[in-house]
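For reference, the structures are reproduced in the following blocks.
First subunit A sits with subunit B, and in the next complex the same chain sits with subunit C.
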Partner chain A sequence: MKVLVSRLFFLVFVVLGVTFVTFIISHLIPGDPAQMIAGQRASPEVYAKIRAQLGLDRPIWAQYLLFLQGLLQGDLGTSIRTQQPVLDDLRHYFPATLELVLFAFLLALFVGIPLGVYAAARKDTVIDALIRLLAVSGISIPVFWYGLVLILIFYGKLDLLPSGGRIDPSISPPATITGLYVIDSLLEGNWAAFKSSLAHLVLPGITLAFAQLALIVKQTRAAMIEVLRQDYIRTARSLGIPSRKIYFRYALKNALIPTTTVVGLAIGALLAGAVVTETIFSWPGMGKYVVEAIGYLDFPAIMGFTLIVSVGYVILNFLVDWIYTLLDPQIRL
Partner chain B sequence: MSRKIKPFIFAFLMLGSFAWLSACGQNQTSQTPNANQANDQSPGNPTLRIPANKLIVAINAEQATLDPGVTMDNSAWKITYPAYERLVAYDGATTEIKPSLAKTWSVSEDGKTWTFQLEEGHRFSDGTPVDAEAVKFSFERTLKLGKGPAELFGVIQQIQVVDPYTVQFTLKKNFPPFLSTLATNYASIVNPKVMEHEKDGDLAQGYLSGHTAGSGPYMLSEWRKGEYYKLEKNPHHPNRDQIAFDTVLFKIVPDAAAQRLQLEKGEIDIAEGIPIEQIDNLDASQVTVVREPSLLVDYVYINTSRGNPALKDVRVRQALSYAVDYPSIIDVVQQGNATQMRGPIPKGLWGHDPSAMQYTYDPEKARQLLQEAGVHGLKLTLLYSDNKPWWETEAITLQALFQAVGVEVELKKVAYATMREMLDRGEFDLSLGVWSPDFGDPYMFMNYWFDSNNFGLAGNRAFYKNDRVNELIRKAATINDQAERERLYREAQKIVIEEAPYIYLYQKDFVLPMRKEIQGFVYNPMLEGIYNLESMKKPN
Partner chain C sequence: MEPLLSVRNLTTMFTSGRRAARAVDGVDLDIFSGETLALVGESGSGKSVTSLSILRLIPDPPGKIVAGEIRFEGRDLLSLSEREMNRIRGRRIAMIFQEPMTALNPVFTIGEQLVEAVRVHRSMRRSEAERLAATWLERVGIGRPEAMLRAYPHQLSGGQRQRVMIAMAMINEPALLIADEPTTALDVTIQAQILDLMRELKRRTNTALLLITHDLGVVAEMADRVAVMYAGQIVEEAPAERLFDDPRHPYTRGLIRSMPRLDDDRPRLEPIPGTVPPAHAFPPGCRFAPRCPFRTEACAAMPALRPFGRPEDGHRVRCHLAETLPVEPAAAASNG
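== the complex of A and B ==
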């Protein structure tokens, strides 16, 4: 309980700090959303009126206080660009990004860890070399390149998968329950929507996952090799315990602690990396929304995005810490 | 098989399951009961995928707001323009005006009173008839909103409903281009019923940012955010039965390579986002490219009164104009997709003078003119920003060309906002610039660029003053006889070409790749990026 309270305090503090820094930076870059609204040739009067409407004529600190006041009331303001409440916009774009990130995350985790374990078990064999090659490629090849190559192969040549979007335009998306199409369509029993949305998820998911998958493979492999050298493993082997049990029951648990750190960071990296993947695959997520908001200097939208991401990060950090305690009883929160 | 291999197998089973999913992706559409509609999207169908009653256009990005009283961004107009009607319209591919909602109109002797007779039978998409009240409401709303579009109608003093189908505008002064402003997206007539959606006195801005409420041939029926805009026929439009496309989809595909692939495979009909350098590599058996001069001009401001004193000498300015290798600039900077300007008024706009004098690349003459002016070792600054992606290349090319005639140019790249401030104050010698007209009238070029009352950002960015030019263009802005106005503008053009306060570089071409089977697309330079959806079609 005490931990929870201190964590909550920490969350508020970090989020406040992040909003403050973002607010100051976004207001200090030269440029002015009023000018974007007023257009090229607006007269000074029209321009001044728009500035006043947006509250930009007030001093920065007053604008920041106004933002905080809205925040306390759960109001993130109205987007300058879309004229919609920022909360509504984010509520719309966030689930798409979340779905993509979660999918990529699960992929990285459930393909990455077994591959890492296997590479460690067959250290210095051809298969190990191949897996390491895969890991190195994942880390060093830029996302946009293999994203395009995947489209070229699976859409362009083989005609197996769609090239972009979240669901086929001729299929209605499922009613919003979680906002994740794959899960919602499953809950709804809408088989056509399920297959379409899952098929749309495959290429962007693989693209986004690849780099993090590679990191997880590398990390798991290294940690496993370290653990497999230890005495208790040798003891286990001498007792005739099956290899599978040794790897997954005894060795992996100890090897997972450093991997957990990488995995925690991976989610953050996936959220950030989603911008590029979303662009390549026309994925209607938050990344594209915020890039456009930045181009327009749409302060409320930028602040709203920052807020969500920073809250997400803090919660993830907390989760990672908690998982440590499960893996290693010596660690306490 | 060794047990050690199991985790490996597990990983590959995961991958294998994706292969299965891929197969689902392939089969999904043929299993859908609504096969006819779904099949057009199905990958793997080698024949025409999109049916003849549907058009799919790939666009690069989501639009900000769709409110015609707010948006200044012409990329949003491709959605709003077909959804609304205006009192008048641009005629075909020209900048001439033809009737639209108004069947006839008249203007008073002094040019201050315009009276429009509306044609009956036009209805908004909810069935409400379009009447004089709606016209009055739309303009008053835009003026009350006070955003960018209001600027254009600042000249309106009041709007009167004479009878249900007659509306009268009283202007503060005679303003001949007024009629032409009524054909723009800003002048769209909005259904007064939108006020039912007003929130906190926003005049329904929130609602109209994501909906349309007009009487145009189409209406926005669905906006799946981040994915597409779907237009469907306005069920009350008088010509609804002659329109070929039942639905038009503006699909957001931000990546250029994906757009190209989809266009060549026939999954989209038109691709807006293919960069100019890739256009020539498109599969010519599937795709045709529309290439027309646009009204976006790229030119150089020469600061004639507040910059380097040498620039006051007309010979120095002419020398700079002769020092430019126009064909090379067009090749290097725009990959050949541009047309050299002939004076300030671009080709495609009425008032353009096809016989006007055009500077050619003549470095010898440039050196000679500089010598006559007694200028040696001239050093100038060239201002630009990253507002236009091609400016960097253009600035460097110009620097080299000027260097060749003995003029030293220092490149000054600043932030766009800073550039605008420096332009307004006249703190530069030379600067790159672009200009495109808000309405189809040479006023947009001549009066903005050359009237000495418009120094700075307002338009006269060369800080150029010539009394005869002032007289000619001001007169042209107060009479309503188009032929006479054209004559006055031509005379003024002769002077401003001769005196060279700007280097008239080029008008950018409008380049648009589309599937070969698309018919009836008409490019109007005032409606760049806007489709004449109601008269386009595809063969069955």
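== the complex of A and C ==
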């Protein structure tokens, strides 16, 4: 309980800090949204009116206080570009991003960890070298490059997978239950929608996951190699416990402690990475929304996005701390 | 009588880079049911590698058993598949290690580890295995065993952890227990308790014990027979009493002389000068010769391990000078 209170307190500070910094930066960028809305040839009166509407005529600290005041009432302001409340916009785009990030996360986790274990178990063999090569590629090749290459191969050449959107335009999306098409279509029993939405997830999911998968492989491999050297692994072998069980149970639970740190960071990086991936794959999520907002100098939308991501990040970190206590009996919150 | 374990010409090599070394070089050992054989030597003599080789736990790479035969209960362990070997490890041959602080998995409870040790070999319900685990914890002298099952290793003292290790090794009542320096990392008072415990469990289950140690005090207290190792080879082997009464290898004499004792009137201990050479730099001929006060020209040739005295004495020595070595007054007087 005490921990929870202190974490919430921490959250308040993070939100204050993040919003403050984002606010300053986005208002220091040269450019004037009022000018963009009014157009080049608007009269000074119209321009002044629009500035007043947007609150841009007030001093910057007053604008920030106004933003915080709205925030306390659960109001993130109105998007300059869409003319909709930012909260509604984000609510609309959030499930798509969540679906993509979750898919990429599961991919990075459930492919990355076994690959790391496997590489460590077969250390210094060809298999290990191949897995390490994969990991190095994931870390060093930029996202937009292999995103485009994947599209070129699997959509352009092979025509196996779609290259954009969440679902085939000829199929109507499932009714919103969770907002995640793959899950909603399953709940509905809509097989066609499930297949289509899953197929649409594959390329952007791999693209988004690759770099984090690589980091998880590297970390898991390093941690496993360290753990496999420990005396208690020799003890387990001396008791006749089969190798597979030693790797995936006895060693992995120890190796997951340092890996958890990387996994926590990976989720944050996936949220941030969604911005680029969604743009490449025209994925209708928050990332694409915010890229468009930036083009418009849509301050409220940018602020709203930043806020959501940073709050999500803090909550994830809290989860990571909690997972440590499950893995390591010597850690108490 | 057929020995329980019979090791012949065991040779284990370690490779690092282009350098290969025979850490264990042609070792022969026999252990009979219920007896305690002590394997003695300084660090680097190859005694731990020998014991790990028996269970085929040498990390490969860099280690490899390159020759020999390990017969146990009628089978050659070196010809078994990994799967068949896993049915022997922990079930028929179990092992206790030197470092109780690191030998238990830190993220699983004592109960989980004990239960696993049982259930990997026997189809037993979890609750049943837990009861057995508690029984064994009690047997190794751990109070409140039910509560201890839920404890993690870091909540236990070193002595308690070694007791848990012993329980884990003995829980399937193996025919052979290999104990590699089981008391070295413990306080002296705890050492005595652990040795007592091992003796008692041995009597109860008729388990044979291969006790690896550098501590001749422990040997004197526990062993029926002793094999002394130096530089990867057995240099002397004899029933314990005989070895202490009439050691015939200069190295054995050195070990005994460097042992502190209560009835000592020597001004100080006499260490053996020099150290065990590393395995890649074993000298040709007698490996102990460079450190040996008695060495002669004959020692340039490698001596064989050969019987000394009557064959039924079970005394074997690897020394050209075994017969001519003077009777040791200190050794002869000490063991009364």
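Here is the rule we use: the second predicted complex is superposed on the first by the 333 of 333 C-alpha atoms of A that agree within 3 Å, B and C clash if a C-alpha of one lies under 4 Å from a C-alpha of the other, contacts with A are read in each partner's own complex, and residues count from 1 in each chain.
Here is the rule we go by: a residue touches a chain if its C-beta (ideal position, glycine included) is under 8 Å from a C-beta of that chain, and two chains touch if they have at least 3 such contacts.
Just so you know, these numbers come straight off a predicted model, no measurement behind them.
When both complexes are superposed on subunit A, subunit B and subunit C sit side by side without a clash. Looking at the shared chain after the overlay, A:Tyr232 reaches subunit C, while subunit B stays out of its contact range.
Comparing subunit B with subunit C, the partner in contact with more residues of subunit A is B.
Residue contacts after overlaying the shared chain place A:Tyr250 against subunit C, while subunit B stays out of touching range. In the superposed model, A:Ala38 makes contact with subunit B only, not with subunit C. When the two structures are aligned on the shared chain, A:Ser282 is found in touch with subunit B, with no touch to subunit C.
Legend: residue contacts after superposition of the two complexes on their common chain; A:Gly77 is shown touching neither subunit B nor subunit C.
Once the two complexes are overlaid on the shared chain, A:Gln330 sits against subunit C while remaining clear of subunit B.
By the touch criterion stated above, A:Gly165 is placed in contact with subunit B alone, subunit C being left untouched. Contacts of A:Pro174 after superposition on the shared chain: neither subunit B nor subunit C is touched. Legend: residue contacts after superposition of the two complexes on their common chain; A:Pro95 is shown touching neither subunit B nor subunit C. When the two complexes are laid on top of each other via chain A, the two nearest Cα atoms from subunit B and subunit C are 10 angstrom apart.
Residue overlap on subunit A between the subunit B contacts of one complex and the subunit C contacts of the other covers 242-243. Touching subunit B in their complex are the following residues of subunit A: 30-32, 35-43, 46, 49-50, 53, 78, 81-84, 89, 92-93, 96, 107, 110-111, 114-115, 117-118, 121-122, 127, 148, 151-152, 154-156, 159-166, 168-171, 173, 192, 195-196, 198-200, 202, 206, 242-244, 247-248, 278-285, 288-289, 292, 296.
Across the complex, subunit A is touched by residues 3-8, 10-11, 14-15, 18, 21-26, 28-29, 31-32, 34, 37-38, 40-41, 43-44, 61-62, 64-65, 67, 70, 72, 146-148, 150-151, 154, 202, 205-206, 209-210, 224-228, 249, 251-255, 257-258, 261-262, 265, 267, 415-418, 420, 438, 448, 457-459 of subunit B.
Partner subunit C is touched in their complex by these residues of subunit A: 124, 230-232, 234-243, 245, 250, 253-254, 257, 327-330. On the side of subunit C, the complex with subunit A involves touching residues 55, 57, 61, 82-83, 85-91, 94-95, 97, 99, 102-109, 116-117, 120-121, 152, 154, 165, 168-169.
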